[in-house]
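Following this line, the structures themselves.
You will see chain A twice below: alongside chain B first, and alongside chain C after that.
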Partner chain A sequence: MKQSLLKRRSLTLVILLTPMVLLLAGFLVLPVLGLLRSSFLPSTHLLDGTGFSLKHYVHFFSDTYYSSVLVETFVDGLIVSLVCLLIGFPTGYSLARLTSAARRWRMIVVILPLTLSLVVVVFGWLIILGRNGLLNSLFVYLGIFSSPKTLLFSRPAVLIVLVQQFLPFMILSVMSVVTQIHPVLEQAASNLRANRFVTFRKVILPLAVPGILVGFNIVFVLSISAFITPRLIGGARVAMLGSLIYETIMAQLNWPFGAAMAFVLFVSGLAFTVALNALVASRFTVRG
Partner chain B sequence: MKRRAFLRFATTAAAGVLAAPYVQAQTKKFANVTLRVNGFGGAFDEALRKGVAGPLEEKYGLKVQFTAGATQADLVKLIANKSSPPYDLFMCDSSYVVELLKADIVEEIKVSDVPNIKRILPGFREFGDYGVPFNVSSVVPVFNSKYIKRPLTSYSDIARSDLTGRVILPAPDQIASSLYLLGMAEENGGSISEMEPAMKILSAAKPNIVALAQTNVAELQMFQSEEGYAGIFWDGRAHELRTKGIPIVTVFPSQGVYSTISYINVVKGMKYPEAAYAFADQLLSDQGMLAIPEALRYGVTTDVKLPEDLRRDLLFNSPERNALRKQIDWQQLWANRSGWIERVNKTIRN
Partner chain C sequence: MLALSKERDNFVPEADDLVVELRSVSKYYGEVAAVSNTSIGVRRGELLCLLGPSGCGKTTTLRMVAGFVEPTSGSITINGVDMTRQPPYRRDTGMVFQSYALFPHMTVAQNIEFGLENLKWPRDERKARVEEMLRLVELPHLADRLPAQLSGGQQQRIALARALAMRPAVLLLDEPFSNLDAQLRLRMREELREVVRSVNVTTLFVTHDQEEALAMSDRIVVMNAGQVEQIGTPGEIYESPETPFVAKFIGWCSLLKGTVGPDGSFTSAAGLRLDGNWSAGSATAVIRPEHVRLSTDDASGPSYQGRVLQAHYYGGATRIVLDLNGEQLTMQERFPFWRHPKTGDLLSVTISTDDLRVIPAEEDRR
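The block that comes next holds the complex of A and B.
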């Protein structure tokens, strides 16, 4: 009886998972394998030719320009993720502690930027940060600037726009976990004479780690693979690997080198997030 | 006439009147034929609809369907689907014709197929019998006369010390970038195979460069919002800025101008070559040729007589000026371009 129930459950599981597995295999795993293969083509052109060569990886790692762009991309990803965490945690926490009715409208405000096209958002920022834009006008009006200044086409501008774009992911991740932490735990800590900071450090933070990690990972991965924002807001002066990959594939038509760069970004991003997760898990997980 | 005969006659006459336009449409040479063309989008496609597709439909019943997109992406799509091409005609600039020829996906177009080819100006058909040139876009130095009192005179002038933090250039992956680099190289004793002088100018211009625009629209907005006062831009786009009230001056460098030509190419294996030739012929006719200059002020490729207001605005408006259009070895440019992009990235971003 028990065995047949288990059998039925595993069959249901297979049926439920099959569409997703097929979808991922067909539209993610296979293309990624194709990408991997093309990164080993000796050609420097479209996907013509055959053979096997490591020349694109050698080119990437032997040229300090590309490795420095990779490092800069990771640093940018970390900055964006940390800023999102600093802003997103209090917001996510406060949303989680609201009643569902009170949360509804605030949630719409958080999610609203995600419903807009990225290009629209970026062009909006171009207008806000432009020399004749809102921010310059405000600063000139307040006497902070004597005349309009160039705020666009710099790394800080790119980071600000990336934070704005990816902040909702952090808020939602934190909120979803904090809603699972019962307020009674905070009251208990308070009864045991823990102040608010100690309660946060000893109770809330360890329990919210899974949400923070998920949010951090999502924001980090999205940031390091961003290419529209660095290209349009950075005015091509801010190097991020995503925009270099786009340029190599779409403009130079050098697919093999673009594929190699994409794979380096993929593997290093994956390694970084796995290492980070392992580190955080070892710090916050209590082993029985 | 008897009542029955009258009714029969009246019914036949009415049916005839009603069916006439349909019958006429069916008898047109290319009725029920639709040509699929990749488009550049916006006013460009609109001008072609008005000056080429519209008259063709009226005359031959031929329909033309433009699908706007990025040329690079369309090219990749075309190469990847050789056996079942998504377009019948492929519209692209000179640099991409090199790729089309390499991929062997376009047909030759002879003067016997498209009689108006004989009207093309000398030096404006760069790939022998391949492609029909219909439009010239030039990359030229430009400046805002409201802020810049000492006019620029050459491509290399972007490195002038009085332009610190004021120069906007097209990004290195734009074909415009390859053209101005070539201009800077040749102005300083270099050549397509010796670009060191251009890279030196670019290094010197680094403090001047406020941004490298990733798209034409982005560059247009940068000039419009006065992020920069000088730079290098397409001649047609500079005209567009003037129509928006920005006092942008277009410079005609005395040592020559670097341009790219837009071609229409007949894709191999397309079903209606005759319709494609009719399209190309209409494109090269007076009506077709003037469509884009009238809308966007890009140059012409044939001996069409330019109305005075148009002539004044166009960069290539006389045989003397036409002679200053630099001939470019596109094969070599395309082969070297990847290295140039890498060099520019390293120079500007480091």
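The block that comes next holds the complex of A and C.
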């Protein structure tokens, strides 16, 4: 009886999961495996040829240009994630402490940028940051600049636009974890002689770590794999691995080398987030 | 410990040695007064209870003492120092929250140590104090557990230990038993009283349960609609209520409106007459179930014929609502099941007027 119930349950599970698994297997896992295979092709052109070679990986790691781009990409990802955390935590925290009625409109403001196409957002920034754009006109009018300056095509511009794009993810994940922290805990801390700073450091922050980690991971992964923003805002002067992969595959048609770079980015990004999570988890989890 | 609590039983708090003093404190939310013009003094070493129905302002009063709510007007002093505008962490109070509010990411020991860390106690003194507190609440074996691994009663004892560890001037308890089941509630009530007595801490305690208030308190503040109705010992509150509200709220009773004549006897609106020696004027008589007895041959005083309106059998006793000359009275009597009264039966009863309270109308402020 129990056995058959268990069987029925696992059957249900299989039926429910099948469409998702098929979709992912057909349109994500298989192509990615194909890409993995192609990264080992000896050819430097389209996906032709046969054989097995590590030359693209050797090329990537022997040329310091590529490894410096990889490091730069990671540093950029960390900066974007940290800035998002610094801006997003206060916002997410205050949203969480509002009544759900008061939260509704503010949430729409937070989420709205996500509903716009990335290309639209980036072109919006081009208008603001361009040579004859809003900021330049304003600064020249105010006399801060004597003549228009190049604001685009710089690393800070890329980082600012990335922060703007990915901030909602940080705000939402901080908000969802802070709503789980009951305000009475803050009162208890305050009654136990903790001022607001100590309460934040010893009560709110440790309890919010799961949400902070989720937000940090999402923003980091999205940042290191970004390619539209670095290409359009950063131009040729700012190299991030995402735009380099795009360039290699779409302009130079060098699929095997592009695939190899994609896998380097994938594996190193994964290793980095796993290590970060393990580190933070061991630091903030109490021995039960 | 035993000698200490014996001594404690004869302890009478000094009326002018106040640990917490609220002077004409009011709290308005917009136009609505949660607490209006309330003055309460908590004497050193006593267990004072704020009692009243929900929405009477008792919890707001407690939260104003803790500092979570800022009074609109009036002043609050703790040990003689004005604390009215001070944040909670500058006030010498220890609070046990209704939901206990233990920090879920800290062990039991870390929870208790938290306040001591913030008070900058040296490390070895903190450790010793945590152990002492765990022994006090008899849970030393749970020091390294997380709050989620404890039962409700254990969580409450840890919350108490956490509050007491700092040696606060006043212990604040916000409906501490409301999250426990009925049996555990009785046991925790005894335990809490024992612990509080043994460390001799001044305690301000909020409850809506009048039985809890009577059993635990040295004095009770009965609150209603944001104001103090009466402050007194459990005996005073029960035996001589100053307002009909207090009479009704504490224990079961029937309130009869009427007048006291020049001869000192009370006549209710419906004409029920009680002989006594009360001061003349309009008044309310408080008749508790124990005042109404079945007439016996040797009974003194007049006996009344009452018609049974309702009779509820509770095993040990039967609660009967009687119609006596148009007035409804509740009485409680033991009836064997086989001669249990039924609706419409006539019963002959006497009303004992010796300790019966008649509240003159001018004392009735509402």
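The rule we apply is simple: the second predicted complex is superposed on the first by the 270 of 288 C-alpha atoms of A that agree within 3 Å, B and C clash if a C-alpha of one lies under 4 Å from a C-alpha of the other, contacts with A are read in each partner's own complex, and residues count from 1 in each chain.
In this text, a residue touches a chain if its C-beta (ideal position, glycine included) is under 8 Å from a C-beta of that chain, and two chains touch if they have at least 3 such contacts.
The structure displayed is predicted, hence computed values, not measured ones.
On the superposed chain A, the positions of chain B and chain C stay apart, so the two partners fit side by side.
Once chain A of one complex is fitted onto chain A of the other, the partner contacts of A:207 are limited to chain C, with no touch recorded for chain B.
Look at A:274: by the touch rule set out above, it reaches neither chain B nor chain C. Legend: residue contacts after superposition of the two complexes on their common chain; A:130 is shown touching chain B, with no touch to chain C. Rounded in steps of 10, the angle chain B-chain A-chain C defined by Cα centres in the superposition reads 150°. Contacts of A:112 after superposition on the shared chain: neither chain B nor chain C is touched.
Once the two complexes are laid over each other on the shared chain, residue contacts for A:152 go to chain B alone; chain C is not touched.
Contacts of A:23 after superposition on the shared chain: neither chain B nor chain C is touched.
In the superposition on chain A, A:190 makes contact with chain C only, while chain B stays out of contact range.
Residue contacts after overlaying the shared chain place A:252 against chain B, while chain C stays out of touching range.
Put simply, chain B and chain C get as close as 48 Å, counting only Cα atoms, in the superposed view. For chain C in complex with chain A, the touching residues are 66-68, 87-89, 93-95, 97, 99, 101-107, 110, 114-115, 118-119, 144-146, 149, 162-163, 166. Considering their complex, residues 182, 184-185, 187-195, 198, 202-203, 206-207, 284, 286-288 of chain A touch chain C. Chain B contributes residues 70, 72-73, 76, 79, 99, 165, 171-174, 209-214, 218, 221-222, 225-227, 337-338, 341-342, 345-346, 348-350 to its touches with chain A in the complex.
Of all residues in chain A, those touching chain B in their complex are 44, 46, 65, 69, 126, 130-133, 150, 152-153, 231-232, 235-239, 244, 247, 250-254.
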